[in-house]
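Working notes, structure below.
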Amino acid sequence: DPFFGHLITAMVTPFTKDDRVDYDAFEALAVKLVDEGNDSLVVSGTTGETSTLEDHEKEGLVRAAKSAVGDRAKVIAGTSTNHTSHDLEMARRAERAGADGQLVVTPYYNKPSQDGVLAHYQAVADAADLPLMIYDIPGRSGIAIETETILRLAEHPHIMSLKDAKNDITATTEVLTKTELEVYSGDDQNVLAWMAMGAVGVVSVTSHVACPHFRRMIDALLNYDLKEARIVHGELGPVIRGMMTRVQGAVSSKLVLDWLGFPINADVRLPLVQANAHEKELVLADLREAGWNL
Amino acid sequence: DPFFGHLITAMVTPFTKDDRVDYDAFEALAVKLVDEGNDSLVVSGTTGETSTLEDHEKEGLVRAAKSAVGDRAKVIAGTSTNHTSHDLEMARRAERAGADGQLVVTPYYNKPSQDGVLAHYQAVADAADLPLMIYDIPGRSGIAIETETILRLAEHPHIMSLKDAKNDITATTEVLTKTELEVYSGDDQNVLAWMAMGAVGVVSVTSHVACPHFRRMIDALLNYDLKEARIVHGELGPVIRGMMTRVQGAVSSKLVLDWLGFPINADVRLPLVQANAHEKELVLADLREAGWNL
Amino acid sequence: DPFFGHLITAMVTPFTKDDRVDYDAFEALAVKLVDEGNDSLVVSGTTGETSTLEDHEKEGLVRAAKSAVGDRAKVIAGTSTNHTSHDLEMARRAERAGADGQLVVTPYYNKPSQDGVLAHYQAVADAADLPLMIYDIPGRSGIAIETETILRLAEHPHIMSLKDAKNDITATTEVLTKTELEVYSGDDQNVLAWMAMGAVGVVSVTSHVACPHFRRMIDALLNYDLKEARIVHGELGPVIRGMMTRVQGAVSSKLVLDWLGFPINADVRLPLVQANAHEKELVLADLREAGWNL
Amino acid sequence: DPFFGHLITAMVTPFTKDDRVDYDAFEALAVKLVDEGNDSLVVSGTTGETSTLEDHEKEGLVRAAKSAVGDRAKVIAGTSTNHTSHDLEMARRAERAGADGQLVVTPYYNKPSQDGVLAHYQAVADAADLPLMIYDIPGRSGIAIETETILRLAEHPHIMSLKDAKNDITATTEVLTKTELEVYSGDDQNVLAWMAMGAVGVVSVTSHVACPHFRRMIDALLNYDLKEARIVHGELGPVIRGMMTRVQGAVSSKLVLDWLGFPINADVRLPLVQANAHEKELVLADLREAGWNL
């Protein structure tokens, strides 16, 4: 079995009305997600609004998640920014706080060369005794991790998995063929295609509100039941459109969790803002197209 | 079973040294491809250098293919350009020549609006009593066919299938969910992912030299044997790189067929040119990486 | 002075209601455009719906234009497709019909390598004793002409100018620095920027309806009067948006010429279609934003 | 005259061998740049490795720059990240440290909606009594600022200028036409084109090593001397290629300053790394093509 399992949700960070982390809501959400079939949880990742969390909050989220789910699921800490030396410290703090792994995104905005990407990942992987998941998402980072760089990173004993949001079938095929990395789709729409090619699962956002669907699809794929997987994939289409293309995933996840009755405040921190009326209508129309009773 | 089957090769057009269509080599190639497992053959498609064929040559290729393979495979005529009224005539000529279907590409270069795309396809579909396969390839045409347009085209009784080279999982999912179109991957690298999602097969170029691989992968997928399909997908990776990314597919197909001992002249018509020495080395290195003994 | 002058319109081809070329309207349009300041006219170019013209019509358009404007302007024949041997014949026919030059687009759709692009242009340039303008427009052709290829083409005695619609300031700078090619902006919005860098003029579509503006801007730039050029550039902004981004330029040019009272039938040939009601509203709003009284 | 003048360098941050900010080298560099004609200096911007500076270092750089150049040039503090509340504090600290303005980049990585972009800029602009320059660079930020958003931001009394690295002539034209914003090219290759259209100057990286060239080009443009401006633009072509396309600008600037004899340590902070041997060769070849004696 893959170290982090198959279904992983990149969790939102709920805030109170006065803008503090709402650890109670966060723990309740963690429990709900594990009850619904998650094998691991990402905390303080992109969808967790990592960019606007304080360091102590990131550490607090790791502790809260572990306290809530114990050994029922692994907790993966989003430890990284585009500042390597700061990330080393965050990796160590995550380890001390009890994280089971760390998710490390390609440095964004400052656009290192591939030599720099390699050095960054090696330094962070060395910093803590934590299984590390590479996160390749050029649409956010401004640069891709080239396949040659991934092949070299795969040799590091701590680097075990890849969250792949590059949408490049050729590159992914080469990684799957030439390395032992456990590959996760980092794009909710690509799960069926990626797992068919040999990816082990997904790090999902839509799973905040559609865990049972993803669990069904993943279990079908693990059983090579393509028929069932296709049915769920088709059902998820408009849901994923609503959650991922109308507003940022952190915004939509809090919004729709609230609509579905999970007690959560939909506030996000600037520069993110809540969905406006028009955006809400679009999300609602997508979910209704999926047959949801909202 | 899908009307055109699962494995389709978009055939090259061999030329003699004095630049006439080499019908003998073409028929021998058609027989070889059907022997190796093709269900249908595309003639005078993009890889058949349709842009530089005369109308009578296109018609001759349909007759030659039918004469060579009889009822053992269906023959799909590449009938289309970016000039609708000319295409209507070519559709009728293909029908009279015995074609079993037609492949119609999005008008390229002149960039019609979606209204124009719709009108173009409807006119061509009306022109002949031939099952029609839409070909959506924005990288060549300069425009994509929007999903909404495809949904409307799917209502036409002659429009039965889609050759999908758009590399857009979201769009393909919607077509698979909302229409009865038989979808073929139009990108050799995407076959496993696309068939997992519900595509019925591939219109391939690499199959000129790797039919048995594609047949194995397709049969595995039809049997839901993802393990076997992944093995073949991995083996095909460097082959597809060599055939599709170093030079144009018509150029590489003739070159490698020749290397493999199939009697064919590697000449192509201008503006295409044969691979230069450097390009040949790249192709060779890719095929050797795949373990081919060249 | 540059061989083809500074202001060139890529003319539409008017059709009669029964779909024949309307030579009378075409000649009247040619006269109008030269009266308004054009130095040369492109006939049977992209905007002339070259893709859906018959060969004899292309030849007829050259004769008609020469007959209409005599020595008052040069006539540049759009001779090219993606089929080299056919283009050689069209180059010779254009020369016999009296063309003063030819405009040759990068082969589209069949995606030759740069070796092929080079061979194509050299063959066409050799075919007729006509000054040749290269047309680099990757958004339509699917491939760009690399700078290295342009540098080599610039050595051919017939190749005198470049219609540059690549929108790549770095590449254009290198061409301007290293060759004697006369460079024309092939993008109406880029004229001011391109001429500031050393381009000699524009091959325009919007000039069907805004010749006096382009003439004013060009004359200002030739006099280094940036202040005046900027005023006209600003005025042209919404006009160019209306003409170039709402529908294809051939469609908008016929439509707006008709609105402005020039006697022309707005029909285009399939796969192009006339603007629908919504598109017309958008064009109208743009022109009204520019202060046009429509 | 524009508030920040015409020529602005986005300064690197020199480090000592033991990785502290080298304020002495920084001040010497500031003096050199002002001596060579800069009107303003950006400190702790992207090229200043803002992502890997501590907050106290950013404040220290503002104080050091002001101390070095006094009233001879304005100091613009790069105050922003993708975390709005942190940026408010940094804006206030920059103001207290004596900055003359602030440069605020579009929030990167977390991809706010345009509502979020608007709210972010308004909050930062409200936070300090400092003239604010918007920085629109979708290639780093992952999102563009839409023209409609810029038009609204232009109404804020503190928002005075735009550093435009979007390379979209249509959008820039609309901003120049409809607002009073002082627009600077944020792309060294675009200065001539952008200033011809009405931009007031450049925020440059290449100016670390080519100030006299930029000064000559800018002065020529202010005098409408396009001939002279084109000569300098052509000379700068290979220099800009070497400084901006081979390695990150911070890396190349330190490297080439050192080559030119300015006393600076070429170290950068991870995830950036120094140029490797191959990259150095490329930069060197570019500068030699420009006639530099290196």
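Just so it is clear, A, B, C and D label the chains in written order, and each chain counts residues from 1 on its own.
Heads up, the rule we're going with is that a residue touches a chain if its C-beta (ideal position, glycine included) is under 8 Å from a C-beta of that chain, and two chains touch if they have at least 3 such contacts.
Treat the numbers as computed from the prediction; the structure is a model and nothing was measured.
Novice: Quick check on the contact graph: shortest path length from chain B to chain C, in steps?
Specialist: 1
Novice: In terms of touching chains, how many steps apart are chain A and chain C, taking the shortest path?
Specialist: 2
Novice: Given that chain A and chain B are copies and touch, would you call their interface same or different according to whether over half of its residue numbers are shared?
Specialist: same
Novice: Considering only mean CA positions as chain centres, point out the chain farthest from chain C.
Specialist: A
Novice: Chain B to chain D: how many Å between their CA centres?
Specialist: Whole-Å distance between the two chain centres: 50.
Novice: How far is the middle of chain C from the middle of chain D, if each middle is the mean of its Cα atoms, in Å?
Specialist: Centre-to-centre distance between chain C and chain D: 38 Å.
Novice: Centroid from C-alpha atoms only, then distance chain A to chain D, rounded to Å. What do you get?
Specialist: Once rounded, the distance between the two centres reads 34 Å.
Novice: If I count partner chains per residue in chain A, which residues reach a count of at least 2?
Specialist: Answer for chain A, listing residues that touch two or more other chains: there are none.
Novice: Could you please write down every pair of chains that are in touch?
Specialist: All touching pairs, sorted by chain label, are A-B, A-D, B-C, C-D.
Novice: Which of the residues in chain A end up touching chain D in this complex?
Specialist: Those residues of chain A that touch chain D are 46, 49, 51-52, 81-86, 107-113, 115-117, 119-120, 123, 139-142, 247-248, 251, 269-273, 276, 279.
Novice: Where on chain D does chain C make contact in their complex?
Specialist: Counting only chain D, the residues touching chain C are 167, 169-170, 173-174, 176-177, 189-190, 192-194, 196-198, 221, 224-227, 229-230, 233-234, 237, 240-241.
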